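This is the structure I have questions about; it appears just below.
Order of writing sets the labels: A, B, C and D. Residues in every chain begin at 1.
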Amino acid sequence: MNKVKVSIVGSTGYVGAEVVHGFLSHPGVELVYLTSESFRGKKFSDIYPVYRGLVDKILVSTEEVSYETIGRESDLVITALPHGVSSKVVPQLIEAGCRVIDHSGDFRYKDIDTYTRSYKLDHPHPELLKDAVYGLPELYREQLKTSKLTANPGCYPTCSIIPLTPFLKAGLIEKEGIIIDATSGVTGAGRKEKLEYSFCELDESFKPYGVTGHRHSTEINEQLSFACGDETGKAVKAAFTPHLAPFKRGMLASIYCRPSKLFEKKDTEAVIDVLAKYYESEEFVRVLPKGVLPDVKCVSGSNYIDVTGVYDPDTGLIKLFSAQDNLGKGAALQAIQAFNVMFGFPEGTGLKALTRGV
Amino acid sequence: MNKVKVSIVGSTGYVGAEVVHGFLSHPGVELVYLTSESFRGKKFSDIYPVYRGLVDKILVSTEEVSYETIGRESDLVITALPHGVSSKVVPQLIEAGCRVIDHSGDFRYKDIDTYTRSYKLDHPHPELLKDAVYGLPELYREQLKTSKLTANPGCYPTCSIIPLTPFLKAGLIEKEGIIIDATSGVTGAGRKEKLEYSFCELDESFKPYGVTGHRHSTEINEQLSFACGDETGKAVKAAFTPHLAPFKRGMLASIYCRPSKLFEKKDTEAVIDVLAKYYESEEFVRVLPKGVLPDVKCVSGSNYIDVTGVYDPDTGLIKLFSAQDNLGKGAALQAIQAFNVMFGFPEGTGLKALTRGV
Amino acid sequence: MNKVKVSIVGSTGYVGAEVVHGFLSHPGVELVYLTSESFRGKKFSDIYPVYRGLVDKILVSTEEVSYETIGRESDLVITALPHGVSSKVVPQLIEAGCRVIDHSGDFRYKDIDTYTRSYKLDHPHPELLKDAVYGLPELYREQLKTSKLTANPGCYPTCSIIPLTPFLKAGLIEKEGIIIDATSGVTGAGRKEKLEYSFCELDESFKPYGVTGHRHSTEINEQLSFACGDETGKAVKAAFTPHLAPFKRGMLASIYCRPSKLFEKKDTEAVIDVLAKYYESEEFVRVLPKGVLPDVKCVSGSNYIDVTGVYDPDTGLIKLFSAQDNLGKGAALQAIQAFNVMFGFPEGTGLKALTRGV
Amino acid sequence: MNKVKVSIVGSTGYVGAEVVHGFLSHPGVELVYLTSESFRGKKFSDIYPVYRGLVDKILVSTEEVSYETIGRESDLVITALPHGVSSKVVPQLIEAGCRVIDHSGDFRYKDIDTYTRSYKLDHPHPELLKDAVYGLPELYREQLKTSKLTANPGCYPTCSIIPLTPFLKAGLIEKEGIIIDATSGVTGAGRKEKLEYSFCELDESFKPYGVTGHRHSTEINEQLSFACGDETGKAVKAAFTPHLAPFKRGMLASIYCRPSKLFEKKDTEAVIDVLAKYYESEEFVRVLPKGVLPDVKCVSGSNYIDVTGVYDPDTGLIKLFSAQDNLGKGAALQAIQAFNVMFGFPEGTGLKALTRGV
């Protein structure tokens, strides 16, 4: 079998490195280029000593090896670049003939105005938005199969969209008044040299941040609107609030919504049943039974997202809960899941054992 | 000056021990009895070696020294007992002539049916509920001055009631649809020999728990209803969801509510202004300015509660945030604040320096 | 290819569960029985929800399925039982016809008196000690190939023996005065319902324990003596002191020893050279270059042990350092490495990708 | 009573801020200037929000307020500056008429060559070394009373010197072959914007660092030599190895040494007896009884150092253990203890309640 030639642009951030990790146990991939502007000439394992002897590939700068070359010599390029940079780089890669999975926010929106407002940036290639596929295999599997440009979803959007979609599609909850309260581990902030992410500032800390106007709000709402059948992407205006907690990997969303008249049997079993039916054939969405609640440690390192819900008779609300690894299903491993769909591998290839019991 | 004679019943749990800690720097207190059924005959500092040389008092069992004796020889007894036990012990202490601050849920409710439903327990002395004072000095300062029996508030209720009360009292938010999403450090679970609270199970973990029917829901709602002027305690039905995070001390509440028509100037300054005005003379409620959000590490070890809020123009919601130490303002130090009120000390006596920068 | 039939006795402790985890990505193994006395009838994934959908096998009690049956229907049984229990169970399994890898201390010694003194236990089957193979593939690879009973090494012994052996075998350090100062993550204490291992007691804690007479001392010294060519196992009396640190997985040893006259070129390069030459063909011993020191996070989840050393000109000492995962190379994954040797698989089978960058 | 006027130069690092914290509960101190070059014009509580309402003093730059002014208007200046900077600033302050406690290494040595070799720096004022007092009250109490310039000891030196001094002074252990293996919490690295101290790099990490030639080695050895009566400061050449562990505050030393012929009764009681007698009148040295070992959590936030030891019959070694808070007895609070001696306050003034049980 010919292996798929994959390059990773921006391979030494936490997301890029987790893509490398994910491909370690994938039998169908050959890594061609790992790029890094900061660490050119060093080995990948110099930056991540944990991979000494496993990934000793030399990092190249895109000054040495052009995007044109990378794109020409790769079947797929995975970009882990900041937003505003991806929008310039990705078109060059596509032009060179490869397919792309991009981790930034630059190609996740269908509505260019929403992007511009959310990211305060002009987009140099808005014409690409239309055909870019939002890389959530559970929702866009068919489109992914032939996708040239896959926009890997944001971490908070993934764990918001997965639990809410079955209810919105079936009209079982009200579109209005959805509240998403979510918490991320610290890797979500990236590999940054900033005092605010230092051990001494974050150990024994817990806090909200970005409590109004967080970029992921608009990404979440566009997708939730599509789930309601609203093509403008503006029907849902869920409130979103992120928090930062002292663990490395993991993300939990606690979601509050109000059942519609179509949600007839008002109990927890009925809530779980909606999720279980919708995701019954999905390998990486685990619907937890009544009495079991998600915990980020149970998905840490993996591509799983654990979801469940309850009906609260005291308030008449449905509460939904989801847990994923922010670098796993929330980023790098979801990209590999999408890769498997795009290149015809069984969807779980390479993604099975990436977790541990304690 | 004669010192106030204080005994602590149940002194070796985390709450009891934090009361001992809090009194260490209080100039007006003499500790009479520290009781412990599990560790009778040992020194307090055998159980908490950190206090070696500071608190070497011998622990006594209430089999050796009766509640009658403890109550007779103390001006105040602070009880840190499980609910269902306090309701039996506290009446004996009061009978013996002392005043009491109780940490359980047994005397926090005015409505006995709400208590019975919440705790699934019969109450042997419901007649005491009427005169028991809910020990939140910010709301019940006058009543505390002469209180015989003070019911120290629950941790989640404290950080929910403090930010919401100014808005509910002034009718600035809707009573309906309030959502309280809160997170506690692990000391909140008590000093317990249980696998689920072991380091290996909780490090790198984050999860919701008790997502329907948590006891603190009804305590919160009774007090919020009183704030609305509803004497039945049933006007407000806020939804409450607790989470457990991997830090020892601290609690954060993120609260979502909808402004009423009376809330005219819809911006963040107006939200903060409501809090700032209401609490301007309060020593332990710190209202954070716009752009600063609470963090549990900034209140760890202290009796402070940091609060603030935003108006979210995208959803029209008010989001309120509060952080406290679950053992501090959420339990033991709040009891000392109430003690200061009850016995005529300046309210901050002994409570100032109990925190640290990192 | 016929798969090797493997059963795990005591599968729900941290070591047993990590063996299950390790075999998840092993292509040549079929799990037959997973036993648990505490959780019979439950699914393995009920105890470790992280494995939901991956390992849903029903746990059986050895009251239901006898050791005789387990031994008869398995090619290999891995026992993760307390010492004193293994010595009774393992002979029954061997009698039934299977091979065994045992995780207790019961079969690690050649000298029965040393065992008896260390474990304060009589051994019901001392006759098995002679042929039991100490399961360190780097030292006993040939013997493992035909081993009927493999005694998986202790965690502290593994990270002490690996760095010291090359020096002792070549006579490059003095046998006298070796000092081993080591630190373990909390999983080393097992899956226990004890207050002392609770999150609140261990978070922000660091302490020595077992500072005289720790059982692993005698295990270490017997093996180090063998490395010196002393068949009595008593030539080396290294001092050993363990510590407990607030992380889940990982173990670090800092070892102090004095070069002998045979160690001529007194510099760090020479120290590293000894290690590098000795382990040059070993897949799981990574000798770090000058300037790079081991860190437990770089081996967490894996079967690697990272080792290096320095010559300290100020004191004339050699300092050696090693890091491993206490559940990985220190226990369960080392057992799988030994399994691979025993059953003819390439030694790294299933053990490659079990780590992650952050 | 007139308060002592104190200024703190470099008040926003972790050490400077902990000095501020320590003085919060000191009745005899008035803070005059808090300097910060990075944050001039901000409030101290802007940098450490935990002190909002407690320490809102405006930070000044030494460009605005000269060292001459600070020194003239203060009775004492505490400097928390990098080495190489202190050696230039401190003489200016002394010249202006105040007394100084300096936290750098610049005035800790008696032997200028040892300083130069250790810090790779020329010293502009070596003439000050002779009269500078090493700020360990337990050893230099008399000299501190009249000290103009107090050199606050390093953190590792404090927890090495305290346990070893009683044995060396009495000749009870050999001077040769002492090994000090020590571990620090992350605040020891300072308040730094560096990737290596980020949460994601240090959580679940444990590692040695600076394993040869660490600066604290020579500081330790000079003081240990003085304890042996060697005025050259060169008689002792203890080996020192630091490690970094994932907790914020605390430091533990495990020390290995060999009893001399004068140590006759070779048992643990005798080891502890040496410590207990030597420190029996010391308020902040707690000698732990047999069976109790130090734990950094038991000294966190405090000025205590907990020490104990064992005699190991298997190796004939004495093992000594000490735990302190690296910012407490290891830095800022020890400076306040020295301050109390220098200015005639009872030695524990303001230092009692600065710890907590959990």
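Basically, contacts are C-beta pairs under 8 Å (C-beta built on N, C-alpha and C of every residue); 3 or more make two chains touch, one makes a residue touch a chain.
Given the structure is predicted, the values throughout are model-derived calculations rather than measurements.
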What chain lies farthest away from chain D once each centre is taken as the mean of the Cα atoms?
A
Tally the contacting C-beta pairs at the B-C interface and at the A-C interface, and name the larger one.
A-C
Please work out the Cα centroid separation of chain B and chain C, and write it as a whole number of Å.
47
Distance between chain centroids, defined by C-alpha means - chain C, chain D (Å)
39
Whole-Å gap separating chain A and chain C, where each centre is the average of the chain's CA atoms:
37
Would you pick out the residues of chain D that each touch at least 2 other chains?
14, 187, 191, 200-201, 203-204, 246-249, 295, 297, 300, 358
Please give the residue numbers of chain A that touch chain B in the complex, ascending.
177, 179, 181, 183, 185, 200-201, 203-209, 211-213, 217, 237-239, 241, 243, 245-250, 252, 254, 256, 268, 293-297, 300, 310, 312-315, 317, 319, 321, 323, 358
Given the complex, residues on chain A that touch chain D span 14, 186-187, 191-195, 197-204, 246-248
For a test of understanding, state which residues of chain D touch chain B in their complex under the given definition.
14, 17-18, 20-21, 24-25, 48-54, 187, 191, 204, 248-249, 283, 286, 288, 292, 295, 297-302, 304, 306, 327, 352-358
